[in-house]
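Next come two complexes, and both contain chain A; in the first it sits with chain B, in the second with chain C.
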Partner chain A sequence: MKVSEATLVSPSTLDECLLLLNDQKHSVQLLAGGTDAVVRMKEGVWNPDTWINIKNLDALRYIEEVNHEIHIGALTSHTDLVESKLINERADVLAQAAKEIGAIQLQNMGTIGGNIATASPAGDTIPALFVLDAKIELRSLTDTRLIPIREIFTGPGRTVKKSDEIITKIIIRSQDEDEIGIFEKLGPRKAQSISIVNVAISLKMGEKPRECLEGKIAFGSVAPTIIRATKCEYMLKLNPLFDDVIHDIASAAWKEVMPISDVRASAKYRRNMASSLLERGLYRLMKRWEEQ
Partner chain B sequence: MKTIRFTVNGNEVAVSSPPTKPLLDVLREELDLTGSKECCGKGECGSCTVMINGSSVCSCLVLVGQVENETVITAEGVGLAQNMDVLQQAFIDEGATQCGYCTPGFIVSAKSFLNQIEHVPTEEEVKTALGGNLCRCTGYTKIIKAVQSAAKLSITQQGVKN
Partner chain C sequence: MKSKAKKDVLNEEQKLKWIGKSVKRIDGPEKVTGEQKYKTDYSYSNMVWGKVLRAKYPFAKIKSIDTVKAEAHPDVICVLTYKDIPGFNGFGIVTPDQPVLCEDVVRCTADAVALVAAETVEAADEALDLIEVDYEVLEPVTDVENAMLQGAPKLHKDGNIHSHVTIKNGDIDAGFDEADYIFEHTFYSPRQMHAFIETEGGWGRMEEDGSLVIECPGQYGHRDKLQIARALALNPERIHVYSSPNGGGFGGKDEITVQIYLALLAMNTGGRPVKIHLSREESVIAGIKRHPFKVTVKTGAKKDGTLVANKVRAVADTGAYASLGGAVIALAIEHASGPYTIPNVDMEGFCVYTNNGIAGAFRGFGVNQVCVGIETHIDMLAEKTGLDPIEIRKKNAYKQGDISSLGHVVKSSVGTIETLDKAAACDLWKNRDYYKNQVSEPWKKRGVAVATSFHGVGMGIGTPDYGAATIELLQDGKFKVGVAIEEIGTGNGTVYAQVAAECLKCDINRIVVVQGDTKQTLDSGTISASRSTYTGGRAIATAAPNMINLLTEEAANLLGVSVSEIELAYDRLVDAHDHTRFVTYEEIYESLHDKHRSKRVEGHFYLPKEKEELKNSGGAPHHLYGYMTHVVLVEVDTLTGQTDVIKVVAIPDVGKVLNPQGLEGQTEGGAVMGIGYTLYEDVLIEDGYHKTKNFTDYIIPTIRETPEIETIPVESNEESGPFGAKGIAEVVMIPIIPAIMSAIYDATGARVYHLPATPERVYQAIQESKPQSLISR
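What follows is the complex of A and B.
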């Protein structure tokens, strides 16, 4: 395998990292778990002068509850999310999404910050972050800004993050007792597969049987970036979510998505699967809610 | 070139290498640990799996500069012919290895999984744990059986010790 000519530096603090990112003379790029970056490096697509290795910046690896929010350090691995009691109890949809990423090796290596920064339309944590109203903290040497997740992505592989910025933190809503979420994914192989379609759902339930007070639905891989299915979300509130209503909502999803055809699937197949995944997700959520 | 220090299979090593060289290549070319294999080179097959600080990772996607001061365990560290681990013996007994190319990766993934549990895993659990490892010979059934019988054996052995 061709060895990159680039140098690699490992800052031991965030401040040191911000200084390195501020370098105007050389091209630099962050390296976290490396599951996207090293693949691209080997393909010769990403070749900065210097890789800034942040894998061991443990100050950015934490999950904690602050007031009614959950703060997640950008270097938190997918395995950390899967194993976190707090995430499983208060943001179940994110734990489920992390569990669907690649295989165990990839979950051990890959980070939530890397998943966001790569900005793949198929990134699995991203729809979950959409329905949890995530805010992303970006820091540079001179500035700190908090951007809502819906404003982060500008296209496939593109974000508003500037070259001297690092994602430091992800802040999500902590779900109440009456809120439930689910993540559904369709890929070619259970482990290690890029999503053909994925969907994250988060519902706030009422007192009456299957009454939904509010719901959020985000689809991945069916548009240039993640999209919210606003018509379907509106329909969630109209009638209790019995099976025929779920079927109607899922049918409406067909019109909300705008997928492309590529090597992995045709647009028509993606549309059909978007409907089916939403239907399955809502159906499973209702079963779970009634068994609770 | 840079001198990079880390621990491999219990031994402290110092290698002189470009820090962006994949760990897999350093293990094989500089340290003569040729158990870990390269197949896809991009995280999809698991034949290069090693443990870093106890967690299984694909060494083809880790740069050697990233493991400074860390602890790496390869299939050789799980056991060699003279001190084979129960898991490796189970692979032999169950006939879970044919050409053998994938075996070191499976051994490391399975070892890391067994280290985390204290029961005999179900077939589904083993499949999830080993989902990142591909084998083109065995058809997997024997590999799954080997992992289960190793778990059984370690539990009985521990029972005897206690």
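What follows is the complex of A and C.
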């Protein structure tokens, strides 16, 4: 298939889009912001017969609070997340993650649905979605299903999404007043960089100083998919999070990850960085918590 | 004598109208708005696309090449191999050892094996896939030290050592015997990519009269023309090269890029213009890079800070072909002991062939790689002795008239000590303890360091170096100033307009600058070697009096007075006795035109050279050098090893500053490129294959990595230069490299010897320097 022979269709409603996705004869692929898709097309990796351009499906671009949950349309851009009052107040970790994506231009074009569907182990919004217990709504012409984020990814670049399905929305929990989150990213430079390691943290704090009742930690770029650091999560609850405790928890992090070596970093460095980012993140979180 | 020279400049300065002013870039608006069209931005209705088939393996014998299937593709216009080269199958600025199209062997993945012209890019790509090349794969040579060993597979018939240069002065053993301290370290430098915004590309076109037009960004159109002519066996007069403007060069377009491919294809497309424009991915593989060096430096010093001995061994990986590798290693060795008077030096350099792509010219030209040794050792000496690092440098720096480490008397201007004085007096250095304490989080550490260096201006001994300019009076009373030296982003055209307007005493809007056009301009050498302001400026200043003579004679005729009674006034020529009587340039043009007289004058200028070449040095010493000191402040995140450059003070000695805004453009761009070199950039090649494919993993600084940069120029008037100017374009990225390395050490106590100092390398160095804990709170 030559790039010049591919067709591009732009459905104006979700139903029309679902019909197009149901095409049995041709290979089809969705095109949202195109920030991953165009790159892969140029590389010759993605070359469907038909591109279904959904960038203008504004019905899938919203952020709203519903019964203590936040619903995010799949076409919500990273900039939308960064600028949303609701996300900043109730899902700070996601706002911070969106802000770390590429640079302004990328944040304007790229969507949260695209970030999930690309399923990169380095995708920056995904760890945040993990600690916010996200559920992903997938729709096809005939079916709608809601999949917990932990079950979405099957490997690098692979998800349980079927070829006739589209991600329509993402549902996350809304953090309470006593909850606080942070996203930490280590890239080879400050902007336009792929994460060497990233981590999202969401904590529920108690009454006592630095008392943590419950916490969730998710790492990116250190395993074939995003992973939760359950041992560290458990340790969060054992003692108040003073600096030496933070250091001990962080030191355990390297045991939870199983990274690879590539041109960006060695496995050993990635392991160490899982600890460093967790330490840095918890330290910053506690500082912010005390200042609040 | 010196103070008198200064006074003259001062007097003159008051009279100067354009020189020394931040005259806006003549090409500024187009560049800022994106209106500027580069060669590769154009297209023609009847155009065809050219593509290059690159080698599949880094080292292999070619057993056969079969193009039948590719030729049968319906949209293919021609497929060319080495058999289709009418002339000499090779190119290379000094040693033409790179085949235009490989015949029997490929030596790196940059090698070109065949060319295709087709109706579309896609068809050209398909045709490349249809060319069948049968290879016998050989074991690649990828390590410079192994390449030099007896018995290593030979890339070229004379072996793998392309060049070996040495400079010796004094008695090295006696020097080390005298030393109280000796430092010895080995440094590794990155394979930096020019990363210009416009990748290699351009146009080839046969004109109806049978002449060949090549429109292709380049850094020396007149030389490109000769290299094309040699490969095509064509009279160079039949070839016209348009090589300006460039979407960035930095040395990466000094060598032939695609000009010969364009020429070959253009001769086989039935008169249709052919375009080649490398994708970023192809540019990463095919384009030349900075030579990675391994440099071992041993420095001896006395307790009082006097440097007494310096021994250097530098090995440069030039990849599969020489290009300017020989000259790069020669310049490196010439500069490897710094701008100092070290009485005993023993330096040698090797330029070595491997199957790792191709290396060539790049801003700094070898000096970047070697300056880290001597500068790092001076900082180590400062720490050992407790002496001030600036004082040690001042103590050892040569002044104008002194004998350098190379053993020659430096006759041109030298600003090192003044740049160091300004460094000592600058806010960042004076208040460095204050700045270092401003860390925001406990695991962040800050450091401040200083370094100084220098860089030759123009070609060394043995390479003729000249400039030429034309000035033509136009019908509308403007002057067309022709200097072949291309615009590659530096803004030299603006300086040319300033020099011309100043010399001709006219408004700058009357100056039309033509660059990079072999038809309209005289050969004036390269845009490289920090030479273009100096050389082009001098050439214009040499041509201008000829134009003034022409104008004066004709004005005298028109006003009916003698030549001595004509005065050159602003924008006109007047009768000295009666200022109401004058002639305009337009009137002079008309008069000359009616008489069928030429309205064009020329100016030729030969760069001053040293008389005696240091034996085996490959061209040292230079007559002229630019000097520079950098002070930097960095912050290191010791948890991750990430280094942030926060402040840079750039103190160049540039001779007279012709355009302050242009100078800042250079010091700021140079600082950022130096930061990229030190912290981020490297094209990784493993077993001869590129691991770095494109900008996803080739990390150049963005605006967020760009620190506050302050420029404090030192103006050491260079009497031979145009209005006292020297060159600046390369030295601006050099001392910042060791300065950042030492600032990291100042911050963390860890030294990185292998650049770039990526977070991982810095982190590892910190771990090794104090393995007890992650953070020291």
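Rule of thumb we're sticking to: the second predicted complex is superposed on the first by the 288 of 292 C-alpha atoms of A that agree within 3 Å, B and C clash if a C-alpha of one lies under 4 Å from a C-alpha of the other, contacts with A are read in each partner's own complex, and residues count from 1 in each chain.
Just so it is clear, a residue touches a chain if its C-beta (ideal position, glycine included) is under 8 Å from a C-beta of that chain, and two chains touch if they have at least 3 such contacts.
Predicted model only: the values in this text are computed from it and were never measured.
> May I ask you to decide whether A:N53 touches chain B, chain C, both, or neither, giving the answer as first, second, both or neither?
In the superposed model, A:N53 contacts chain B only, not chain C.
> Touching A:A103, do we find chain B (first), chain C (second), both, or neither?
Touch status of A:A103: both partners.
> Counting only touches as set out at the top, which of chain B and chain C does A:H247 meet: first, second, both, neither?
After superposing on A, A:H247 lies in contact with chain C but is clear of chain B.
> Quick check on the superposed pair: does A:L277 touch chain B, chain C, both, or neither? Answer first, second, both or neither.
A:L277: touches chain C, not chain B.
> Quick check on the superposed pair: does A:T79 touch chain B, chain C, both, or neither? Answer first, second, both or neither.
first
> Pick one for A:T35: touches chain B only (first), chain C only (second), both, or neither.
In the superposition, A:T35 contacts chain B only.
> Go through the superposed model and pick first if A:W289 touches only chain B, second if only chain C, both, or neither.
neither
> Would you sort A:T7 into first (chain B), second (chain C), both or neither based on which partner it touches?
first
> Quick check on my understanding: which residues of chain A belong to both its chain B contact set and its chain C contact set?
3-4, 103, 190-192
> Applying the document's contact rule, which stretches of chain A touch chain B when the two form their complex?
Touching chain B: residues 1, 3-8, 10, 31, 34-35, 38-39, 41-42, 51, 53, 55-56, 79, 102-106, 108-109, 190-192 of chain A.
> Considering the complex alone, what residue numbers of chain A touch chain C?
Residues 2-4, 103, 186, 188-194, 196, 243, 247, 250-251, 263-266, 269, 272-273, 275-277, 279-280, 283-284.
> Give every residue of chain B touching chain A within the complex, in rising order.
So the residues of chain B in touch with chain A come to 18-22, 25, 38, 41-44, 46, 49, 55-58, 60-63, 65-66, 68, 109, 112-113, 128-129, 131-133.
> Considering the complex alone, what residue numbers of chain C touch chain A?
Residues of chain C touching chain A: 120, 122, 441, 443, 637, 639-640, 642, 680, 684, 691-692, 696-697, 699, 701-705, 758-760, 763-764, 774-775, 777.
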